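Single-structure report; data block below.
Which chain is which? They are A, B, C, D, E and F, in the order written, and residues in each are numbered from 1.
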Amino acid sequence: MTIPDFLLAAAVFVLATVALGLVRILRGPEDADRMMATQLFGTGGIAALLLLGVATEARAVLDVALTLALLAAFASVAFVRSASSSEGDDPKETNSP
Amino acid sequence: MKNVSVRAAMARGAGFFGFWLVLIGTDPVDGVAGLFAAAAATGASLRLLPPGGGRLRYAVLARLALRFGQESIMGGVDVARRVLSVRLPLRPGFLVYPVRLPPGPACNTFGALTSVLPGTLPAGVDDHGALLYHCLDVEQPVAAQLAIDEGLLIRALGGTHDDT
Amino acid sequence: MPHSLSTPDVTTPGGLLLVLAVLVPFVGVLAGMVLGGRGARRVALATLAAGLAIAIAIADTLVRSGAAVVYLLGGWTPPLGVALRADGLAVIMLLAVAVVIGGIGVYARADFGTPPGVREARAPFVFWTLLLAVWGSLNLVFVSGDLFTLYVALELLTFAGVPLVSLGGQPETLRSALRYLLYALFGSVLYLLGAVLLYGAYGTLDIGLLAARVHPEPVTWAAAALMTVGLLAKTALFPLHLWLPPAHAGAPAAASAVLSGLVIKGSWFLAVRLWLDVFVGVVTLPSAQTLAALGAAAILVGNIVALRQARLKLLIAYSTVAQIGYLFLMFPLAAGLAAAQLDDAAAVNGGLLQAISHATAKAAMFMAAGLVYTTLGHDRIADLRGVARALPMTLVAFALGGASLIGLPPSGGFLAKWLLVSAAITTAQWWWALVMLVGGLLTSAYVFIVVVRALAPAPEGWTPKASVPCYQQVAVLALALCSFLLGLAVLCPVDVAGIGRAVVPGIGSP
Amino acid sequence: MTLALAVDISLTLLVLAVAGWIIAVRDTFAAMIGFVAYGLLLALVWVRLAAPDVALTEAAIGGGLTGALLIGAAARLRGTEAAARAEYPGALTRTLAAVLAVTVAAALAIGVLALPDPTPTLAPAAAANLATTGVGNPVTAVLLAFRAMDTLLEAIVVLLALLGVWSLAPDRAWGGCPGPRRLVDPDGVLAWLARLLPPIGIVVGLYIFWIGADLPGGKFQGATILAAMWLLVIWAGLADTPPISRTWLRVLLVAGPLVFIVIGFAGSITAGAVLAYPEGHAKPLIVAIEIALMPTLVLTLALLVAGAPQRIPPQ
Amino acid sequence: MSLVLDIFTIVAVSAGAFFFLAGTVGLLRFPDTLTRLHALTKADNLGLGLVVMGLLPQAEWPFDSIKLIAIWLFALLAGATVGQLMARAARREQTTP
Amino acid sequence: MNTPTLFGLCAVALVGVGLYGLIVNPQPLRKILAFNLIGSGVFLLFGAIARRGAAVGMGGDPVPQALLITGIVVAFSATALAVALVLRLFDEAGSVTLAPDAPAEPPDA
């Protein structure tokens, strides 16, 4: 087994693992759980992307992974923001007594 | 104060330009664009995170990074151990850690660093400004580890050990 | 017989005008955005004049050369590049839209002024910029020779049209706008799917090249079906018409005129382009009959529902549903003529004339309804007394527009329907003639009711709620007169619509 | 080769599973979260289809901006869930819809399987003309030379959508700032992220933009990253959205398309056709257009997410 | 030499894949939102870190290698921030039902 | 079975799934989501076609790939406009139902 083959196999494995996390998206029960699973999708997706990119020597894939990593927090931030604002109270968490 | 800003700007600019070179390579035409990108990033950085007074201590920073690496491995192993154990050994609960760092970026950095510590996760602050940690196992000596981390971080950021 | 659409491989003299026709309105949009407020209106009115001149220049070029005007953007030849191409059909639509938009612009001057003391107000700013945007998008639909550019044009048209629907901001209009947007997005995504399939099968998106390359096979059928359904949803042909009446009736009068008169013609024109020029030999006569059957249903349902309306603007909106139906009767007629080895110009010209006369008449009628609303403070049909006294010119305009919808001579509607009826009889499809006849009767009923109600004398001591400026009435009357006198086009010595389109083997023929 | 196919098959199954779940799940908010995961998976699919430019776009827009936009909207509409469920159609409609969907998909599948082999392609034509454009990335050559018109129109489409979003402001808020005022702890974790990440994001966004001329990347992808960074700063309460009546904002919004049009028409004098570039000067002009489009796109994309003006303009 | 590097790659990537699996299993097995967050923030980021580590010998030095590390750091930053933010939201939900 | 064909079939399945969702889900945001699914299916099909056209050292036909970028941006703009419309409707009416209002339309329309 050559290294590219091994990396591809690892990508398949990571993808399958991520797919397992899909169950948490399906089941919830809280939205936070679903968002977490999505975050996991992000990390796993980046890993799979890197494995694929190095295996197939496609350097541009690293830039795709870079973009994903940079924006990984973005959707989650939108989630947290909306979760706190939907409670209706002050989303500010102050340090003062 | 002026001196501090200039120094911080130079250091950050150099850092961003270095990052640009890493991304794109060393073609001179790309370098010109890189200067612009570094300038834009430095401007934004100085506005968003004005430089503080202290000088970074790189030796301590390196020690902190090393410790961070170790901790993240231990943290991962710890979770994996619990996850794959048949009995699922968990004693979850909250721990109040009275943090010495003032609220602000440094304190947040501390929170981020310690979120990889085995079994701990910062989950907000209580009414007295202390950090609330959620622990997988409340019986672990978490507070002592946190104190070591905090001491290192304070020294790395140029503070003294005793500014409680 | 060789195909009508030659592969555009060279820019013709005057081709630059096509680029101007598309980009000048958009430059107006950009300038309006920067200048804002009153500047946007000034820019819009100036652009309207310039655009009309450009349209006339294009028509002049076309008639002089007797061949389609072509421009290769960037000098790149299709299939790699994108060509703009205007044949007779496109040029006539360009001209008609320039005239109608000009009329609407003059009319809207009074309704969409920035109030004193304010630097910029929402409704005027949005209206004037989007009016130009609608225009640029329509021009692009008419002259673009590339399926993907046409997709972008359709989206432009949607994005410009939806805010016009919701300009009022009431819950009902917002809901109509949302429904319209969903239909339109659905329509364009189906259209794009068809275009993608065509690219996969033939490796080009250029209309001229595709016309030469397509042949009847499953992929092409699927693409044709998807694109047609998508465009029908955007044109609001029965039974995909549900979004239209509330959307058009809820907008301000000038916006309704734009939407009902012009915007839906964009997707209709594209359907005609595809069926007559690209999918020739692919689409079959039964499918053309299906389209016409939907059109016939639209004529009957639209007219009957219009008759039952209590509000004038809704009546006019439902009448649009019916008039769209006529636009689709041309497909089997053109096919029938071609199958009989006859010139399909009668059917094509009939459809085209119907589109133009409806655009002018419907714009005039919506704007007339707007003046009625301003004057009376409502538009309940049962209570139109006094309109004849307060707005004589407007009532005449409404009646003239109505006459064109009914098809009374010498209106454009008359000539259109006469051409279509004669084509129906020539090709022994008498049932379509019957539908048109019944439709005309129904139309005349509701036009008659409105005019009679409006002629009723006002009660003693009645005064109009507000007075309307004279130029608004003139603008409405001018558009209505255009529609009414369009029938004189029969005197035109040249068959302009046929330029750039030779006699082609039509739908259904091998 | 078989392993690569295994990657493709697992990706396909994942994509379909997530898509099916997005449609089937009862809770709208949950569906939106699923859509973010879906965007990530699509980025992987684009990589597998050898379309790194598209993968970048999908990663930035599909996973990032669209997800954030939809999650925010779903959170605000939480209260309407019950009403929407009451409108859920009966079994008959659902069956008909399913039959229709399956029929369409099956017909399309036949079409896909019947696509000709060898495939018609414009790759050789693009390759043959690539040299005259001076750029190294064929996708950029298509976007800014062969089919520059589409790109110009697209910039206008985005702008029109923004006008449409703005037009949904209440009359009194016209000219004001989009979105609600954010009250966020300036010492909080979110603010910390928004202080650290955007400078780095600026470097990465400009990098993705800059390499677009010769390698996968380009202005849309770069602009999306920059827009996301700006939104992050706004959401953390460290900056506010600008009032839409500001002149500088309006000028920057139209500058990109306007420069594009001016250079395009200049081409008709210097190179014989609108949107053509004089020989030897193609690349600098293309880069100039892209540089002019950058601020326009960043502002437009971010403001599209920020939404309609909601606050009374400052006097 | 290359053999040693290849073995290093195989070991590190396998270990990374293992931690991905651990994270996913944690996401499924742990009893509540907060404990599941631990699995997400720790196991996944270590998994990605090991994958990156393993890919380093296969990537072009220095540019691609540093880019790989940068990708990991970004993902780490996102994980650490999002973990804390979601923990706050989850705790608030727990204490104020 | 090769990669483009596989993803081509995946694409048409996505179109089907999206179409079903568009018809069945009454909530406008879900319709917008379904529209995005159909859109991504169409894009994916185009991408598969582009991949089929790989030639002269290019991984795929660059023309569809370029058009895809345009398409994705346009779809995003459409989504943003639709979301803004839904949110404004919610602010004005307190609900987002698409069912026509009773007084504005005759019952048989």
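One rule holds in what follows: a contact is a pair of C-beta atoms (placed from the backbone, for glycine too) under 8 Å apart; a residue touches a chain by one contact, two chains touch by 3 or more.
All of these numbers come straight from a predicted model, not from anything done at the bench.
Among the remaining chains, the Cα-based centre furthest from that of chain F is the centre of B.
For chain A, the chain with the farthest CA centroid is C. Across the two candidate interfaces, B-E and C-D, the one carrying more C-beta contacts is C-D.
Centroid to centroid, with C-alpha atoms defining each point, chain B and chain C lie 62 Å apart. The distance from the centre of chain A to the centre of chain D, with each centre set as the mean of the Cα atoms, comes to 19 Å. A separation of 13 Å divides the Cα centre of chain D from that of chain F.
Separation between the centroids of chain C and chain E, computed from CA atoms only, is 57 Å. Shown for chain F are the residues in touch with two or more other chains, namely 15, 32, 45, 49, 52-53, 63, 67, 70, 74, 77-78, 81, 85-86, 88, 97.
Contact of a single residue of chain D with at least two other chains is seen at positions 4, 48, 50, 69, 74, 76, 108, 111-112, 115, 119-122, 126, 146-147, 150, 154, 157, 160-161, 164, 168, 187-190, 192-193, 196-197, 200, 204, 211.
The set of chain C residues touching two or more other chains comprises 80, 148, 152, 155, 159, 162, 166, 169, 174, 193, 197, 200, 203.
Interface residues of chain E facing chain A in the complex, by the touch rule stated above, are 6, 9-10, 13-14, 16-17, 20-21, 23-25, 27-28, 33, 36-37, 40, 44-45, 47-48, 51-52, 55, 58-60, 64, 67-68, 70-72, 74-75, 77-79, 81-82, 85-86, 88-90, 92-93, 96. Looking at the complex, you find that chain F touches chain C at residues 15, 22, 28, 31-32, 35, 38-39, 42, 45-46, 49, 52-53, 63-64, 67, 70-71, 74, 77-78, 81-82, 85-86, 88-89, 92-93, 97-98, 100-101, 104-106, 108-109.
Taken together, the chain A residues at the contact with chain D in this complex read 5, 8-9, 11-12, 15-16, 18-19, 22, 25-26, 28, 31, 34-35, 37-38, 41-42, 45, 48-49, 52-53, 58, 60-61, 63-64, 66-68, 70-71, 73-75, 77-83, 85-86, 90-95.
Residues 18-19, 22-23, 25-26, 29-32, 34-35, 37-39, 41-43, 45-47, 49, 62-63, 66-67, 70, 76-77, 80-81, 83-84, 87-88, 90-92 of chain E are the ones that touch chain B when the two sit in their complex.
Across the complex, chain F is touched by residues 4-5, 8-9, 12, 15-16, 19-20, 22-23, 28, 31-32, 35, 38, 42, 45-46, 48-51, 53-54, 57-58, 61-62, 65-66, 69-70, 73-74, 76-77, 80-81, 83-84, 87-89, 93-94, 97-98, 100-102, 104-105, 108-109, 111-113, 115, 119-124, 126-127, 138-143, 146-147, 150-151, 154, 157-158, 160-162, 164-165, 168, 218, 220, 301, 304-305, 307-308 of chain D.
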